[in-house]
Amino acid sequence: MRFDEAYSGKVFIGSCPNYGESEVVLYGMPMDWTVSYRPGSRFGPGRIREVSIGLEEYSPYLDRELKEIKYFDAGDIPLPFGNAQRSLDMIEAFVDKLLNDGKFPLGMGGEHLVSWPVMKSVYKKYPDLAVIHMDAHTDLRTEYEGEPLSHSTPIRKVAELIGPENVYSFGIRSGMKEEFQWAKENGMHISKFEVLEPLKEILPKLMNRPVYVTIDIDVLDPAHAPGTGTVDAGGITSKELLASIHEIARSEVQVIGADLVEVAPVYDASEQTANTASKLIREMLLGWVK
Amino acid sequence: MRFDEAYSGKVFIGSCPNYGESEVVLYGMPMDWTVSYRPGSRFGPGRIREVSIGLEEYSPYLDRELKEIKYFDAGDIPLPFGNAQRSLDMIEAFVDKLLNDGKFPLGMGGEHLVSWPVMKSVYKKYPDLAVIHMDAHTDLRTEYEGEPLSHSTPIRKVAELIGPENVYSFGIRSGMKEEFQWAKENGMHISKFEVLEPLKEILPKLMNRPVYVTIDIDVLDPAHAPGTGTVDAGGITSKELLASIHEIARSEVQVIGADLVEVAPVYDASEQTANTASKLIREMLLGWVK
Amino acid sequence: MRFDEAYSGKVFIGSCPNYGESEVVLYGMPMDWTVSYRPGSRFGPGRIREVSIGLEEYSPYLDRELKEIKYFDAGDIPLPFGNAQRSLDMIEAFVDKLLNDGKFPLGMGGEHLVSWPVMKSVYKKYPDLAVIHMDAHTDLRTEYEGEPLSHSTPIRKVAELIGPENVYSFGIRSGMKEEFQWAKENGMHISKFEVLEPLKEILPKLMNRPVYVTIDIDVLDPAHAPGTGTVDAGGITSKELLASIHEIARSEVQVIGADLVEVAPVYDASEQTANTASKLIREMLLGWVK
Amino acid sequence: MRFDEAYSGKVFIGSCPNYGESEVVLYGMPMDWTVSYRPGSRFGPGRIREVSIGLEEYSPYLDRELKEIKYFDAGDIPLPFGNAQRSLDMIEAFVDKLLNDGKFPLGMGGEHLVSWPVMKSVYKKYPDLAVIHMDAHTDLRTEYEGEPLSHSTPIRKVAELIGPENVYSFGIRSGMKEEFQWAKENGMHISKFEVLEPLKEILPKLMNRPVYVTIDIDVLDPAHAPGTGTVDAGGITSKELLASIHEIARSEVQVIGADLVEVAPVYDASEQTANTASKLIREMLLGWVK
Amino acid sequence: MRFDEAYSGKVFIGSCPNYGESEVVLYGMPMDWTVSYRPGSRFGPGRIREVSIGLEEYSPYLDRELKEIKYFDAGDIPLPFGNAQRSLDMIEAFVDKLLNDGKFPLGMGGEHLVSWPVMKSVYKKYPDLAVIHMDAHTDLRTEYEGEPLSHSTPIRKVAELIGPENVYSFGIRSGMKEEFQWAKENGMHISKFEVLEPLKEILPKLMNRPVYVTIDIDVLDPAHAPGTGTVDAGGITSKELLASIHEIARSEVQVIGADLVEVAPVYDASEQTANTASKLIREMLLGWVK
Amino acid sequence: MRFDEAYSGKVFIGSCPNYGESEVVLYGMPMDWTVSYRPGSRFGPGRIREVSIGLEEYSPYLDRELKEIKYFDAGDIPLPFGNAQRSLDMIEAFVDKLLNDGKFPLGMGGEHLVSWPVMKSVYKKYPDLAVIHMDAHTDLRTEYEGEPLSHSTPIRKVAELIGPENVYSFGIRSGMKEEFQWAKENGMHISKFEVLEPLKEILPKLMNRPVYVTIDIDVLDPAHAPGTGTVDAGGITSKELLASIHEIARSEVQVIGADLVEVAPVYDASEQTANTASKLIREMLLGWVK
């Protein structure tokens, strides 16, 4: 007696009704309390689901349809407003459970700090983990205005956990001088400004390794993603980001989880960022879940 | 394994998970294809649900909590875009089923024409039906630019079906001269401009009768409901509309179904109209479902 | 072979095609170059016309229809950007012509300074002119930051021209101390905060006199008219403004011209101000043109 | 006595006052009732005209001025809201008349379904017609949710009418698997993702043939055209679309009519899409009308 | 060599350049990390300052000018993003300093939780403190989703600190049943829905007592303050709120500090809320600082 | 006792507190009264400062930090609204003073006409001045609708002052036929459509010459700068504009002053244009001040 949930914008289009039968679990991490500039990404996952009804279920890029994959949309994790530590703990516990059940975790943020507990969880299962990170910002601070739990720190944290040499950042065009220096001195890969071309060089090195991919929507130029907390001019186009997703799809890399973060609907005047994010989620599903 | 649906904006806050156990069914009628001015109300029900998470579940007006009522949110009826007749048929069939199952139908529009098949269905069950109509517009046209299925016609249709003397319009401040004349000549009640005071006079006359209440959000002044298709200055305040809902709640009238229509999110810059609509739905639930 | 112009938003709804046969001429004065705060009212007249298609042609307040009056929409006067003096000269010449041809001038601004040349022109024809002024602001400055041609000065200019005792301001809630003092010392009437009640007292005194009415849309509270250059909290409702227009309509005052100014579409997120303005224009036409 | 109409945003800049003397007729088709996602394109033609005042009349791309062409702006066809069939009939009759009078039809939508009756009409005059179609979407469905009259079907309809081998689609990045298959199996040309380069290859094949060009503004990336119903990331830039228009202008193809559809002002926060559309119309006029 | 700071929107209009000579200190508390619904009030103080340039410096309500008072605009306290406890500590330390220096603290939020450390600080200086609280919400929770530091708790905290019988809430229209019960059982005053009339009754009881006034902008109806985190229909008008401020100004109450919180510019489509807030700040200064 | 001014959005991030010690002076020219289309750029400088808090102080493009340069933010020049001539005089006097004190002038508009008095002043000091101009528009008119002081004329004025052969325009895609002809006939350089590639050719010719660079933000495509008065499709990307700034930085050209004009916040729905402008200012500082 209930109408199709995707039609009502309740779940991501094409998702299956049962957790048990799913290969992939799509989930929201509606946290934005540590951002230093414009908050609002807590509403990102909800809006991405809502606009997914406008998507076709077929990808002409990958010649694949959503019905070929079983994914369950778990909704948003009910995080405690303003408490970063408890929020991160809840996310980690949730992803632990997913991995334990053999699911592919596909997360939607929320601010970028939410990726940190996910990667921690993934690393427990995959000790030879590599991370591909697409972003405008280095996110390599140790703290921000005295706070170690900040949206500016997740990549530093994961680099220290899994080794900086296992983290590959692309599209970076903003950060403190010290962050770039730390990366250089510690053997962490940073491709400034560009994504697709350097990715083509790096992917062969990661062949057969388990890779977690974290995409901050602000790797896109503000023209392509105005609806995010911290826009930064000079970014890549959505065409280039789609091509980068497809490049990974066609590589020998074994993607074992991914996220897309920092969509902030209140700054997304025409809903273009949410629409773009929903297409990116579709391509991540179709390209990375074999 | 799925998180609370209201938290993710998927269902109206506090709704129960099963159709079977519910007294009330909340449903969306996402149709806007016959509007003559600004479309967009198809997205009304979805946005009302989404923002309902911002509501408290308790009404200090009625001293009652949502948990005292069992209501099921059925989502949106999947209406065929651009086909008015088929859409109306689907709505009528759906409400027939609800009434057959003993449910209280609480609908969300969509354009006002969606109320027509609902009232048709309700009339089949309640032959002594009266209708209370709150709106800026008469909606008494027989057709609009040659189209008999138009958002300008639902009250005329129901008046012809159940008898004009059983229809009571309030807050009306816009219409053709002919519409006002038709009402006058046919014994239909129209209170121009005001709602609360004339309602107090009329309610005693409807004592113990089954009443369907249809509220067009544009009965509110544009200051209180900018997010609707056809705004019209000089309307009532949300305080007055709340008081009118409470007046009905305290009366001897037997409300047997209701709707709230014409919320158009794309014109609702600050989401105030959707937030107001979600509060009105709460008060309608708490006040009218005994 | 050309479709109805009102349908395409080209002219105000119901206007007649020929200047010659018209009693009233509706015209735009798209000037906003002297405003001290937020510009944008140059686009006001165009947007008011465009949204007029959403109006009914009948007023249930006055029981009168637009077809009972012949009015011609002349479009916008092509004012030279950034040159206040030349703009004012062009407006004055245009209104001189209208008055010479026996037309009722009904202007749409634009910033309030545009009313000054109109009133100058009107005064040449009607030496016993009185002015009714509804506004949030006194507009009684002699200059602004050294500029005598400023949106803060038109009422001072007209008061000095026709005598302060012939100017009646209503709804005023903002101004310099000196402006209020000047009015007091010079016998000019100012009703602070309110419009309708003081208007009822003043109207009998103006019986049979020719009166020009100039309405700054910001006399409305920002809730009712967000789309204007200088919003100021604590204003009247659109219901009260409508009632004030109707009060004048029912009085013995002889309105011989009027304007509505300061609608700024770019600040009118939901187009509510433009819609309200188009309804006010309709009521001014139906109420003041006998 | 009426001011210049383009100045007031009433007609497209530079248009001539008489139908009789014109070579080209510009007209609006304000229909959006069959769209499956976001409505609002009914207001597209009006806004395109309004912002055209911001255009220069000279094209530095084509070294040609608007005054070299005589075009008449007929306004918007007054289509019956919510009735798709009657709307299409009215459009077809109007274009029949234009073609009979020897005019070049240049239409502005409205949803893409409006192109169907135009192309039907054009085909009656030009039996060897070819169609160039630029769009993000295939528009090759036979029906949508049971409706054969849907914004997802116009290209299928014209392909079946004039033969799929005479239809050339460019820039396509969204559709059902079945649509792409149907095109392939039936010899219809689809260039996925790109426009300019494949166009260069196709144009020589169409030498001297009468060609109708239909452009859905969503062929542009959402960064370049946020103001449309269904945005889809990964599109072309406005620079590329301009170059494509110029490529056709310089080819031996005989353009005999064209349209630009799907501009939806309510989603066009900064009016950039309407401004871009008005420039595209200028270039189509200057490039395609010899 | 620096231009007037208010002109550039840097400080609140009319503020004096030196802390030392000031009677009042105006300061921002840009914190929004514990809000449960829509964040963004961190940008409130900045926007209020910026739009203050649109204000007149004279109040026709109080017949007083800003130059009669010396107030210093200290800017925003640089709070650590996402750390509620440290933020509150910094605010308390800052206000301790102000009070020690004999200043009148006039704060701008930020979420309502920022008022808690201010009131704590004020209570240290004034042990017979009473609090006047105007708000849509009770804010009497002990915690929210497990968090004791939440925007839903400040009034509970202050009530427990200074005694519930010393806290007077007005305009309340939202809260949990338990919150209303707690207030009732503990002798705390709550006026539901209304502000001005109950305030007139309460003020004589507070004669000569030191009173801190905390105003949540959402006590206003969403029509009057759309730009806030949690809008709730049925509120008071800005006219009523102004009258309430003036009522306090004319009473025998000794206001010793105040704040205005929860202005969220990103939801303030036309900047009306910020403009209203800046006028409220002016009236608070002119009315409450003797 | 005052908090950091950049934190409160009062001054551009990283600016130094004293005029005396500065090498560069950043200043706003908040004038928009002669624009022919959409006004609003008067608020540009303020918003650019405000959002600069979101910038990193390090440029990964130039490997340089803001702290390496001493610049003072003087605020906005208090220009008289609506008086173009007096405004230009004030700007010229201010820049005369800066140059006299040995400062590098870095201006923010405001409409493009503000660059004219700046360049006049600069030319007095540098008689062998060359001008690099990046813009969508030629700005070579002698007057606009009879006004010689118009936003369409500044480049013509400077070309006539310093000789057309010393003016180099890039990215031009809009203008009257006569403007392009005048440039051609008078030896002024215009690169149509492109900036970076032609700039590479021109820069060597300007080696060691003093160069003033004036950038109209609308040289960017509307996708990259929707927040400006006159958008024009087919522009360059922000990536290309950044590269152009860096190309100049790496050349032998001696930049002796610069400006960035035409940012209009009210059309900048997501604040992306202001954010981009603040990054451009940072790169201009880091790249052009040696």
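When the chains are written out, they are named A, B, C, D, E and F in that same order, and each has its own residue count from 1.
As a convention for this text, a contact is a pair of C-beta atoms (placed from the backbone, for glycine too) under 8 Å apart; a residue touches a chain by one contact, two chains touch by 3 or more.
Each chain and its UniProt protein: A, B, C, D, E, F = Agmatinase.
Since the model is a prediction, treat every value here as computed from it, not as a measurement.
Undergrad: Mind listing the chains that sit against chain B (Agmatinase) and also against chain D (Agmatinase)?
TA: Correct list: A, C.
Undergrad: Could you tell me which of B-C, C-F or A-B has an interface matching B-D, in the sense that over half of the contact pairs are shared by residue number?
TA: C-F
Undergrad: Taking the mean of the CA coordinates per chain, how far is chain C (Agmatinase) from chain E (Agmatinase) in Å?
TA: 37
Undergrad: Measuring centre to centre with CA averages, how many angstrom lie between chain A (Agmatinase) and chain C (Agmatinase)?
TA: Inter-chain centre distance comes to 54 Å.
Undergrad: Hunt down the residues of chain F (Agmatinase) that sit against at least two other chains at once, touch-wise.
TA: In chain F (Agmatinase), 38, 78, 221, 223-224, 267, 269-270 touch at least two other chains.
Undergrad: Viewed as a graph of touching chains, is the assembly arranged as a line, ring, star, complete set, or other?
TA: If you draw each chain as a dot and join those that touch, the picture is no line, ring, star or complete graph.
Undergrad: Of all possible chain pairs, which ones touch?
TA: Touch list across chains, by label: A-B, A-D, A-E, A-F, B-C, B-D, B-E, C-D, C-E, C-F, D-F, E-F.
Undergrad: List the residues on chain A (Agmatinase) that touch chain E (Agmatinase) in their complex, please.
TA: 32-36, 38-40, 42-43, 78, 80-84, 86, 144-147, 149-150, 266-267
Undergrad: If we count contacts the way the header does, which residues on chain F (Agmatinase) are in touch with chain D (Agmatinase) in the complex?
TA: These residues of chain F (Agmatinase) touch chain D (Agmatinase): 37-38, 172-177, 180, 192-193, 221-224, 226-227, 230-235, 267-270.
Undergrad: With touch defined as at the start, can you tell me which chain F (Agmatinase) residues reach chain A (Agmatinase) in the complex?
TA: Interface residues on the chain F (Agmatinase) side: 53-54, 56-58, 60-61, 63, 65, 221, 223-224, 237-239, 242, 269-272, 275-276, 279-280.
Undergrad: Would you pull the chain B (Agmatinase) residues touching chain A (Agmatinase) in the complex into a rising list?
TA: Checking each residue of chain B (Agmatinase) against chain A (Agmatinase) gives 1-5, 7-11, 19, 27-28, 45-46, 49-50, 72, 74-78.
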